[in-house]
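Both complexes below contain chain A, partnered by chain B and then by chain C.
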Partner chain A sequence: MKNIHSLWLLPVAAIVSPVYAADYLTVEQAQKAIFADAQSFEARPAKLTSDQQDKIKSLSGLRQRWDTQQIWRAVKNGKTLGWFVVDEVIGKHEFITYAVGLSPDGHVLGVEIMTYRETYGGGVRNAIWRQHLVGKTLADPFKLDEDVPNISGGTLSSRNVMDGVKRVLAIQKVLNLVE
Partner chain B sequence: MASLKRMRPLLGTFVEIGCDQSDKSAEHAIAAAFDVIEKLHHLLSFHEQASDLSRLNQAEGKAVAVHQHTLRVMKLACGMTAASNGLFNCTLGGAMVQNGVLPNHSSPNPDSAGTKASGVANDIQINAHTITLSNSIKITLDGIAKGYAVDCAIAQLKRFGVKAAWVNAGGDLRVYGDLVLPVHRREINGDYVSLGGLQNAALATSTVTDVYDKTFPGKIVGSLTSPALGSWTVMTHYAWRADALTKVACLAVAADRAAMVERLGGRIVTVK
Partner chain C sequence: MKTSHRYVVVALLGLGFYANVASADENLFGYIKGVEVMPKGTYELDEQITYRGDKGVGTYHAWDNKTELEYGVTDKFEAAVYVKAQAINTKNIVVDAYIPGNETYGPKLSGVGAEFKYMFLSPAKDDFGLAGYLDLGYSWLDPHSGLDKDIYSVEAKLLAQKYFMEGQLVWAGNLGIESTYARRAPLSADRQASLPVDYDWPNHNEMEVELSAGTGLSYRFAPNWSIGGEALYEAEYETVVGQERWSVFAGPNIHYGGEKFWVTLTAFHQLKGYGHPGSAQLDDSLQLIERTKDEVRLKVGFDF
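Right, the complex of A and B next:
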């Protein structure tokens, strides 16, 4: 008998095909999804100094891997509704672009996944995957966007994105993104 | 066909909600469905210290007033624990903490606090507005909460008048209306296998592997039988039931597996 303590239970993705990558929102759509009341979005891209990157790491415990960050100020009647930040998570199996909305006082107003790419298994797997795309799945009665394959769910935990959000909150603090 | 789909990180995984219309009302419906899932996330999380579940687990035998959703999911979990003779077991929270899979909110050492690794359905008393746990057990809703959240999101989409839609919370999938969702399952070796099209049904898959995956440290504990290696997919009407029955499927004795899952309202999906 197998030692049950060495067995692990994984909730596995039921994947909607054609799958493996999906686009959910453009920057503009994500801005409207999180800040529905905003009249405009002022681009405020940030160039982070290495000192600022260090501060972000010490505040969040997570390394800031790049020195530019896409940031917008959400504006209504000249007032700051909050800050809209686009960020990326590059994991072992996934590449995710997502948006975070922050209130001026440093609360998360919303998180939306913009694009989700899975790189599970690498090249060989891709070849196997393409075989599945050929034939009946493409002829299925319900087709989603035809050019972009769709993924639903994932075996992956969303911890990477939650960590990313923590890092984005540190960016807000270091750049003093308030009113 | 125009479609709309959104994804948010919730319930510890990525939740996708989609429907076959792309108008403003569909956007409102999807946002409302996410709101329900987020609400449940905060009520039923083992990780959040202020959740209904954590308050219940720290109550040390006292009655705890909880939200209607918590009462409902606890009734379902308790009923399934009894009906499956503990193959699905929502009282394994203590064992999960002792194994380091779930965080310990109550004391530095779960053993010293007298927490029991697991219990039985009778250790849970559910009243009109309160729940009482006895025998120092801890509840985990890992095997049922995601599915329950999917069901609630589906109910919300219907309430908002969406004719056809699907919700997938990291593998717990349910679809309704006039659409057929082609579903693939990822195998342990990374291959994808077609399970066919899903319509007006729920489906969940759990995989039992002997390889530790740190991105999802789920663990099978407290069972006398040895879980069967492989992927187990169960189809039902409701996602909570599919979610729970995948655990029954991987823990049941091989000879009883199909009949047991069927008796509990599901069907094992086999790959041809």
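Right, the complex of A and C next:
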């Protein structure tokens, strides 16, 4: 995540440390939550070229903020169960760290919120809300109050997590991780 | 200044008292209003302290306090009630019809009011945010002279807001119109005697209309922290002289948004303006009759 955080300008880092933080899941816990049957996870971090970043934006309509994406291959009996991607999006005050599980054919298998630090909008952690993202493909609209409900008081967080999932699907396609 | 300092201490202690109370209508700006409203069923307590100082001559320090309770009626409609107080210390300034000499006192209750905001479009959901805002106010102290004055006001604003960079950069714009009906109390015999014989202190009914336009940009440069700038144009009109006064203020702001509370500090400086009628004492290139050269505003919000 180093290069993710380096996106922030931190001229007054000493005084701006967040006074609150909630880490709900580690990478391992999130992997198990989405791919319960996986026997192992192979780290496959991807270094994205500027051309790939442009394609991601073209497919998802969203800017790819960093050039390294944390990706794991979920494996069972030597076969690919799917892809596990850790990503971050902007929340109301801080980044939201979340994980997306993708099927080999480009469907969302699950979304887990790993770190979240907001007053309202905690609803993105709500399993029922996250369930609306399961099954989505790049062909879906990804519109709040259309195919994904809005979270009152957490509209920016729900919008950015929803958009982030769409961007992760675009990353999968650009990296040819779709079978 | 002693009374003003005491006033600040009291206000800050008040903020500390409320610090344990648990942000949606988070104010990124000191003077420009955002579009978003409180979620349904939630409350926010806002404390706003504004310092106004320097008319170029004499001594002029004024402190305004506004304590406001906001409530999310629905996910699109927010209502609020507020209480205002003020403190003033002015010496050696006499402006015909506006400032009749020295006045010094500590914090006094000065007014009450109610505010309403309806969000037509959400900046996070609909890409471009738009809201209507209404403020109904009654004050019994003149914020400029510090003397007794009944002021009834209705202010309507159109608020716009746009998120850029997934919300890291925020633009907001406001357009407003305020109608004011006011009447001053007569001057005391002692004060009248201390003023020049031709000093005019009208205490008939007054009607004024004020137009305003403001804009601001805020950039989140680190988790929880944003910096930005804002500017506000205000122009007052009345029946006899038409445009009576106008001013342009601008300045930087810094904002902290946390889980339990948010804080915004804005320093506002008057860049240009004009006040009618002119005054032998005041600089005509600025609006110093009802404004000062500088303002500093601190806002704190607690959500629960």
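As a convention for this text, the second predicted complex is superposed on the first by the 114 of 179 C-alpha atoms of A that agree within 3 Å, B and C clash if a C-alpha of one lies under 4 Å from a C-alpha of the other, contacts with A are read in each partner's own complex, and residues count from 1 in each chain.
Throughout what follows, contacts are C-beta pairs under 8 Å (C-beta built on N, C-alpha and C of every residue); 3 or more make two chains touch, one makes a residue touch a chain.
Computed from a predicted structure; not experimentally measured.
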| item | value |
| --- | --- |
| First, second, both or neither for A:Leu25, with chain B first and chain C second | first |
| First, second, both or neither for A:Asp163, with chain B first and chain C second | second |
| First (chain B), second (chain C), both or neither touched by A:Thr80 | neither |
| Partner chain in contact with A:Val111 - chain B first, chain C second, else both or neither | first |
| First (chain B), second (chain C), both or neither touched by A:Ser103 | neither |
| Touched chain A residues, chain B compared with chain C | B |
| Contacts of A:Ile90 with chain B and chain C, given as first, second, both or neither | second |
| Residues of chain A that lie at the interface with chain B and also at the interface with chain C | 8-13, 16, 18-19, 92-93, 120, 144-145, 150, 152-153, 155-156, 159 |
| Parts of chain B lying in touch with chain A, wherever the complex brings them together | 1, 3, 5-10, 12-16, 18, 20, 31, 99, 146, 166, 168-173, 179-186, 190-192, 194-195, 197, 203-213, 215-221, 223, 226-227, 229, 231, 233, 246-247, 250 |
| Touch list for chain C against partner chain A, complex | 22-24, 26, 36, 38-40, 42, 72, 75, 122, 124-125, 163, 165-168, 220-225, 257-260, 303 |
| Residues of chain A defined as touching chain C within the complex | 8-13, 16, 18-20, 62-63, 89-90, 92-95, 117-120, 144-145, 150, 152-153, 155-156, 159-160, 163 |
| List of chain A residues in touch with chain B within their complex | 1-2, 4-19, 22, 24-25, 33, 92-93, 98, 111-113, 116, 120-121, 125, 128-129, 132, 136-137, 140-145, 150-159, 161-162 |
